[in-house]
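Some structures to go through are shown next.
Two complexes, one shared chain (chain A), two partners (chain B, chain C).
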Partner chain A sequence: MAAISLLLGTALAGFLAFLAGIFEDSESNAGSASNPNSQVQLAPQIGNRHRYFNKAISGEPPANALWATTAATIAYLLTAHFGGDAFSVLIASIIGAAASTLLLCAYGALSHISRIASMKNFEQTLYWDSLLTPLPLDAAYGFLTALILTLLAFAAHGLLGNPFSVPLIALFFGITIGAIGSSTGDIYYGAERLYQHYIFGSGIPISVQGDIDVKGEYGYRNSVDTPYFTMRFGGLVTGLAFGMLIFLDAWSRLFTFAGVWTGVIVVSVLVLIILIFIYLLEVYTRKRYGRYAED
Partner chain B sequence: MKEIQIHTLFGAALLSGIAGILLIGHGISIGIVFLWLPFLSAANSIRGMAMYGLGTGNASIGYWGTAVGATSAFVVSLSVSCRSTPLLYVAAVVAISLVIGLATGILADKVIRMRIPRIELNSAVIAMSTAMITAGSLLILGSDYGLYPFIYIIITLAVLHPYNASTGAGENQKRTLLLALVEACMTTLVIGIVAMLASRSSIPVSGDVAIVAASACGLVIAVVAWYRLVKSDIYEIRWTGYPPAEH
Partner chain C sequence: MIDPVTATIMIIAGGVLVGVCVHFIPASATGAMAAATGIATGPSMLSAGAGLAGIYAAAYSIDSGLAPVIISGAVGSALMLLITILCGNIVLAFGIGTPPVSGQTASGKSTFGGTKDIITGFEQEGYRSPGTDGHGMPFQTVVSGTIGALMGGAGGALVFYAVYSMTLPAISTENAVALAGIVAAGVFLINSVLPAYVLVGKTEGMFDMKIRSMHRTFISCLVTSSIVACVIYAISWLAVSGVVA
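Let's turn to the complex of A and B:
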């Protein structure tokens, strides 16, 4: 029975983490958080006045940690009060995630308005519709991220036997998913989509920072189109990275051949395999596409 | 416009924070409103450090300062009880956070060489302010360890966000501090709601209801005051439209 619960927990945790990654990246892109945030912030200073939603809450890790921890804390207190079967956990997580979404909306709106108020010298106008149209979309992705991270924390605590409390696991998950979202997923939006008029993959030299694309297929670009675009690649890659992290980490609980050291051994072997795979991939890519170009 | 000095704001925050903790310790939960000033003082010091071109380091300063403050308060709460020795409790919270805050500030200046003016002072102020807020929140929420991560992260965001949100050429201290007040009220509102759930009684405890009511009133007043400043500072506000074409 314990083995079935562990297997089920591993599969469920991996699947939930994959979904959470997709939603987290879409949430950050709908609000231009993290890396794109600085690019959108700089744009009016060099004459690119825009209609993006720019949600400067903090780096993605602390922000996601707050949404996940608030949702998980409320769910944890509700289940402690009303009982903790699977159905109560689901309902409690939904209530917790809804509460943390309200917080996200408040922080998001306050930051967007504040940043534009500090842009007076560069004649950036505050358009209410460019805040109020993407905000519900952003909140929806934020809700799904917080909900899934809370469920994941409950799965890790219950099915996988993690000794920490549910809110603490949610805090770790929030920080981790934020870090992955801002390092893996954001590149696609911050360095590619915002700079589509530069050669693909050329990065962002200091001299072109802030020279972002402000116009779309027709009219001005808005922050509702951004997740529609990034969902095809950035979101999935974030989901893959976070999903693999949680799924492979859960394997360390499946075996018991070396006592308490089992987890360390299993994870070390997995890290070694991943490193070898990455090395071989790099060698293959360089052989096929040539060396890195000199500046 | 003349800015409020770090010392003045922190002096007021220290007195107000101590009064708040003692009131909450004596069962008067509404004393949480006295913790709003420490929020302002911490946000002001984060502004003082992040103004020197830290950019994305803003969040890290908030993380770091609150980590020092919250850890000090958690450690004190494990060994000293506010119910039996309230003055010792407050003194220990302030003293330990002062020492660790100063030590991390000096290390950042001398060892890591971050070259930020007054980093030791600001680091100590952030640590002491957030330690007082954490100590007050702990007294309200009780000693369930499961709630520690929530207390830490919600205070972190409330103190690092005001300056991060207002960054730009037109930033000024008054608007940043008013935004800090908005977020302080928002944070105590959420803490009040969580306290209602944490009390585990079927009807909400009157003290927790008072926190929520006072925070909601404060929030409305602070948002109105902040928005008035935004309207005077901003270039233009419109419902919709296109930016003037440049290229």
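Let's turn to the complex of A and C:
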């Protein structure tokens, strides 16, 4: 029974983590919430009025930790009070995620307004449509992230047997997914989506930073279009990263060949394999793209 | 189980390890625009993410003794960091269309001099996009990051196990694990943010000249961790003595 629970937990946790990664990246991109928010903030200073939703409340890891922990705490209290079968965990997680989404909406709206207001000297206008149109979309992604991280925390505690309590696991996952999301998917938003009018195959030179795309296919570009673009690649890679982490971490504990050291041995082998993949990818990109004509 | 004084020293050592590890993990906020070498986020937050993944992994081994906890934390942290680096390089390679390259090494300002990757021997000069300070994580920074993650994960797990040992006589196992997790996360966050004042948002790990300023981080983390360890010791002592319940 314990083995089936572990197997089920590993598969479920990996799948949930994959979904959480996609939604987290989309949420941060819809709200310009991570490192590329500096470019959206810089744009008016070099004369680019924009209609992006810019709600960087804090760094991505603490923000996600806040949403996930709020949702998980409420869900945990509800299940502790009313009983904890699978269906009630789902309902309680939805209620918890809804509460954390309200928090996200409040912080997001105030953050956007204050960030745009601080650009008054550079003639950036506070467009209501740039706040009211992307906010529900951002909140929807935020809701899904908080919901899935809460379910993941329940799975890690209940099925995988992590000794931490559910809200604490949600806090850990929130910080980790924020660190992964801002390190992987955000590159696609910051170096590709915001700078599509620059030639593909180059980093963004410091001298042109802030010169972001403000025009879309039809009229001004807004933040609703952003996840539509980034989810096709950046979001998937973020999901792959977080999904892989949770899945491999759980998978390494399915074996028992070396007692307490089994997990350590399996993870060490995985670390070596990933190192080889990183090396091969570097070799491939150097051959594929070659040197730049000028430096 | 270990005695409270040893546990206090372990908290201090763990805190210092966490602080020092940030110097080894290549990260840069402008990396998100593929404008600087390193993982595309602040060094402190990235280290926190890796460290907490390590503490999460270490928690599974809490009943197995000190050594499995520390090593599980270290490799769990390294796994998180390497997956992040691999996926970051995938986005860079196929989403942006650039190879990973060290900006500091390409301009000859690396700690060890020269313009080649010190491990693979790959030439860095010429592979950097014009106007940027490199992008992605070339292999030498990956190795540096792995060393940093191993140190950070081990440091976090050390604090986790020390607090667990100190509080276990006073409270139930479940509560001791939760409390140790919270304290370890707190100590990790405090000590991973302190190096930000030395690194100012960007480092290429041990190949960056900023590694020479590590003594400042060491001293500040030593002082901070000592204060935190004394507070934890005092509270645990009061709890174990039955003064506070």
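By definition in this document, the second predicted complex is superposed on the first by the 284 of 295 C-alpha atoms of A that agree within 3 Å, B and C clash if a C-alpha of one lies under 4 Å from a C-alpha of the other, contacts with A are read in each partner's own complex, and residues count from 1 in each chain.
The definition used in the following text is that a residue touches a chain if its C-beta (ideal position, glycine included) is under 8 Å from a C-beta of that chain, and two chains touch if they have at least 3 such contacts.
Quick caveat: nothing in here was measured; it's all calculated off a predicted structure.
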Go through the superposed model and pick first if A:88 touches only chain B, second if only chain C, both, or neither.
neither
Once chain A of both complexes is superposed, is A:285 in touch with chain B (first), chain C (second), both, or neither?
second
After the superposition on A, what does A:262 contact: first (chain B), second (chain C), both or neither?
neither
Using the superposition on chain A described above, determine whether A:103 touches chain B (first), chain C (second), both, or neither.
first
Does the superposition put A:171 against chain B (first), chain C (second), both, or neither?
both
Tell me which partner A:73 touches in the superposition: chain B (first), chain C (second), both or neither.
first
Does chain B (first) or chain C (second) touch A:200, or do both, or does neither?
second
Based on the superposed arrangement, let me know which partner A:119 touches: chain B (first), chain C (second), both, or neither?
first
Going by the touch definition up top, name the partner, chain B or chain C, that contacts more of chain A.
C
Same chain A residues contacting chain B and chain C, which ones?
38, 59, 61-62, 165, 168, 171
Chain B contact footprint on chain A (complex, rising order)
38, 41, 45, 47-51, 56-59, 61-63, 65-66, 69-70, 73-74, 76-78, 80-81, 99, 103, 106-107, 110-111, 113-130, 165-168, 170-171, 174, 214, 219-220
Touching chain C in the complex: which residues of chain A?
34-36, 38-39, 59-62, 156, 161-165, 168-169, 171-173, 175-176, 178-180, 182-192, 194-195, 200-209, 233-234, 237-238, 240-241, 244-245, 248-249, 253, 260-261, 263-264, 267-268, 270-271, 274-275, 277-279, 281-282, 284-286, 288-289, 291-292, 294-295
Quick check: in the complex, which residue numbers of chain C touch chain A?
27, 29-35, 39-42, 45-46, 48-50, 52-53, 55-57, 59-62, 64-65, 68, 71-72, 75-76, 78-80, 82-100, 106, 120, 122, 125-135, 137-139, 142, 146, 174, 177-178, 181-182, 185
Using the touch definition up top, name the residues of chain B that touch chain A in the complex.
55-56, 58-60, 62-63, 145-150, 152-154, 156-157, 160-161, 164-171, 175, 179, 182-183, 186, 190, 193-194, 197-198, 200, 227, 229-230, 233-244, 246-247
